[in-house]
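Here's a structure for you.
Naming follows writing order (A, B, C and D), and every chain is counted from residue 1.
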């Protein structure tokens, strides 16, 4: 064991207990904790909206809420989940905590920007919540023009402002990570010795930095147009509403990769550790994430196959979309191959990670249906799309996020949780998720459109199944709240490396010191140098 | 990344003169009717001016490759955005 | 709860080819997903921590070499499969994107939150669409406000309906019956109520339906009245003394523009010429036409277009 | 009082690492700025493609003389900024303040001329949503041109304004002898930002003011 016994030192949690010290902290680990608390709150607000949506869809006649309320519910669910949970989820919590630790640095390059990023996130979230309290927004999270600019009389401005501000939080996080990974790696830690989680954060940061400004300015144009009733998205003046869709999806398609690439990084760490095996095709895994980040910028038009976009542009976008699927496929194969000749154990993080691989595979394969020009005509804007992206973003990204929380929980808090409860929660989540979203594929091909509070009665069976699954899924998400909180109070103290994992973050104490390492580590070995034949050595 | 190297002061004056000359050129070219070529000439001159500012005033000529990539990647992003959006608009 | 459906009825000529793609993709996905699941389970059992299975692997250069070959294989094989999928599905898409020349136009205006339909004979419908079986129908669609989308799952067709533009959706029903249609682009409060039914009828029944439906004359006749009512005939009519283009036989023909371009005089061109004149000014004419934006509504515009189509020696059918 | 040795933040090993991090950081920030404005250029391109005649007509109504003077001013301010950075690098402490102040003056002049231009547009009823009027059938696409004109020049002017404020602060710091050959990163980074604002204007100028002048 190369970890250092530092029990006598204070750690980042005990360094100062006052609230003020938390609100002004420059420590990346504390900012990660602040972020975790905030996004958990927003996750449960967005989740409450989802619960009401599923409850309302139990019957075909929108008996629980009015159709106006339903429209506001799915808009709020989308806005909060996309911008205030999924996009910041892994980067701002696990990423913030782990990037300096994994590369042997004392902090991110710009700690003040990091804190500013959290404040911007909070202000953005307050705007979003304000729009909710003031009466809600009914545009859908996509803000399509001319509906959002000329026709909606709801609180578009506050919601747009919230997303705009949160966008700058994203940009600052991305910028910080890129600079940190470039400039602050420990001696000996060359690019191809970096953990795949760091590669994932790097690829994600590139997308955050390059895509978010486009969203920000597009939102400015929406706000100006909504306010002054004139703008380039208004067809009545000769403007082009499809221009908005191009600009919006230029950001929002890469945004999907902002959500899923970090999940790929987390899954790689967990699978390598619990299979006690080096990640198969490590370099290909790193390249694949960069390829996904790069290709992600040229496929946005596949959201617009039936929008009135030209057939030629549609063809180009379809082809490019099939190309971006290749690196995703490679990753699934490599995770599977990593299990080969491993020494596998099934603690809770591993269950979450394997669940991620399975759900991501289904999400990816159904993505091919939607990339197919002729077939997408039938599937576009139906529940098939809803099911597909939930498999990617919830089945994929959130499953991996939960896996990551369980994997690094001992490191972050210094406490062990109940693995039995955690494994139970992982299984409940997996089952609940599939029951919720698999029926939506079927009802989608039948033609049930998205964003319908009322629907033809022949679709009811599938909706009832889906709503039943949602109850189980909600249980799966609520369980960790209890056993993780309990572990804080009376969980056993965690050793510095409870999983015998590789990686610099396991070489410091749990929880880490305020300055991360007593002395800067020097890296002399390849990543994931696990050895599956023979007893594990840390 | 290496230490900065101090560029001679005349570089800045020289590039300033060229920038102003190009400004007059682009202005003058606009008054000659050339159809779509007008815009092409204007933009070519703009790209040249931008390149001069980037290379000399902003020292990219002597900068680390990482900085050069960071400097160009934004322009590359816009190029993709405009090119693929136009591929739709022009073929509708 | 009515009977349980797994697949929608297939009631148009292209439904079959779309379903074929769907089923092949399903089979392919199932094979890949199951293969991965089976491998994961096998590895999970064989290489569980307590098992004594052989775990010796090649090391060093041999490992690298093998790994490279495997990686290249599972990069290229999906790539080839994906390209094949792309070609097949793109091909099917072109079939649905190319409007046949013999299509019968039916005009659709979407507005929050209802669908207005007008047949060439002047028969109007709201939320219902009657069509004959076995005939190619092309819906020429526009929106009066926000973006809507016209989707008939039973026909496997869908097309967004945009304000300020015409989009076209064609199909040929293969059997009689009634089929749901939905607005699939979120358009505001009553989006989910912007639905309707397509009634596919035997041609004889359809002709009888046309005959008994109330009309105030054909669309072309109504268009002719609009043409005079809005003063179009003052400049474009036979006795006009203004230098304005004559419109007989114009529809579907190429028009030479002032700036050297040439465009086809289709629905879009005519609509733009009325609402945004001077955008495309025909060669040898002064840009003197005023805009009729705000005066002529979308349905009247469609009637005028139908009138122009009906003028002397015009090829019938729909231009995209 | 002169202390030109930079304090090194605790997360960095040495001054070189700190400077490299700042440099990469500012360049990434500039890339985001480029993309930020890129949306406006994309909107401009698409809308102009659809309404070429209206954009030509709109552009002819802009004030070319003022815009050309402004372009020259900005290019010159880029020179003075570069000389300010050069002065910091070579340790000419008094010169830093002088060049930076000149840059600030040019920036303020640019904004003042911009204001004159806006005033003229207002008088000529060219401000969309406020008092726009344009004879003939092209009115609405011409209004779209002026909408883009105001959004693009407005957001650019905001960047000039921010630049003026930041450079003023840097000039004040320079007057306290903060910068020298060992520590000039803030001057350098501000300079890079100012040059980028200049580059954006280099593209704005022909696209808004030079369309169809012949």
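We adopt the following convention: a residue touches a chain if its C-beta (ideal position, glycine included) is under 8 Å from a C-beta of that chain, and two chains touch if they have at least 3 such contacts.
Fair warning: this is a prediction, and the values are worked out from it, not measured in the lab.
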Chain centroid nearest the full-protein CA centroid: A
Centroid-based (C-alpha) most distant chain relative to chain D: C
Chain-chain pair with the highest tally of contacting C-beta pairs: A-C
Where chain A and chain D are represented by their mean Cα positions, the distance between them in whole Å: 36
Length of the line joining the C-alpha centres of chain B and chain D, rounded to whole Å: 15
For chain B, residues that touch 2 or more chains besides their own: 66, 73-74, 77, 81, 85, 89-90
Junction residues of chain A, two or more chains touched: 182, 210, 214, 236, 238, 240, 242-243, 246-247, 308, 311
Per-residue multi-chain contacts in chain C, two or more chains: 276, 279, 293
Complete list of chain pairs which touch one another: A-B, A-C, A-D, B-D, C-D
List of chain D residues in touch with chain A within their complex: 9-13, 17, 20-21, 24-25, 28-29, 31-33, 35-40, 42-43, 46-47, 50-51, 54, 128-129, 140-141, 143-144, 147-148, 151, 155
Touch list for chain A against partner chain B, complex: 182, 210, 214, 240, 242-243, 246-247, 250, 297-298, 300-301, 304, 308-313, 316-317
Complex contacts: residues of chain C adjacent to chain A: 1-8, 17-18, 21-22, 25, 28-29, 32-33, 36-37, 39-40, 43-44, 47-49, 53-57, 67, 70-71, 74-75, 78-79, 82-83, 85-86, 88-97, 112, 145-147, 149, 151, 153-154, 156-160, 162-165, 167, 180, 182-193, 276, 279, 293
Chain B residues touching chain D - in the complex, by the definition given at the top: 1, 3-4, 6-7, 9, 12-13, 16, 19-20, 23, 26-27, 30-34, 38-39, 42-43, 45-46, 49-50, 53-54, 56-58, 64, 66-67, 70-71, 73-75, 77-78, 81-82, 85-86, 89-90
In the complex with chain D, residue positions of chain A that touch it: 100, 105-111, 171, 175, 178-180, 182-184, 209-210, 212-214, 216-218, 220-221, 224, 228-232, 236-240, 243, 246-247, 515, 520
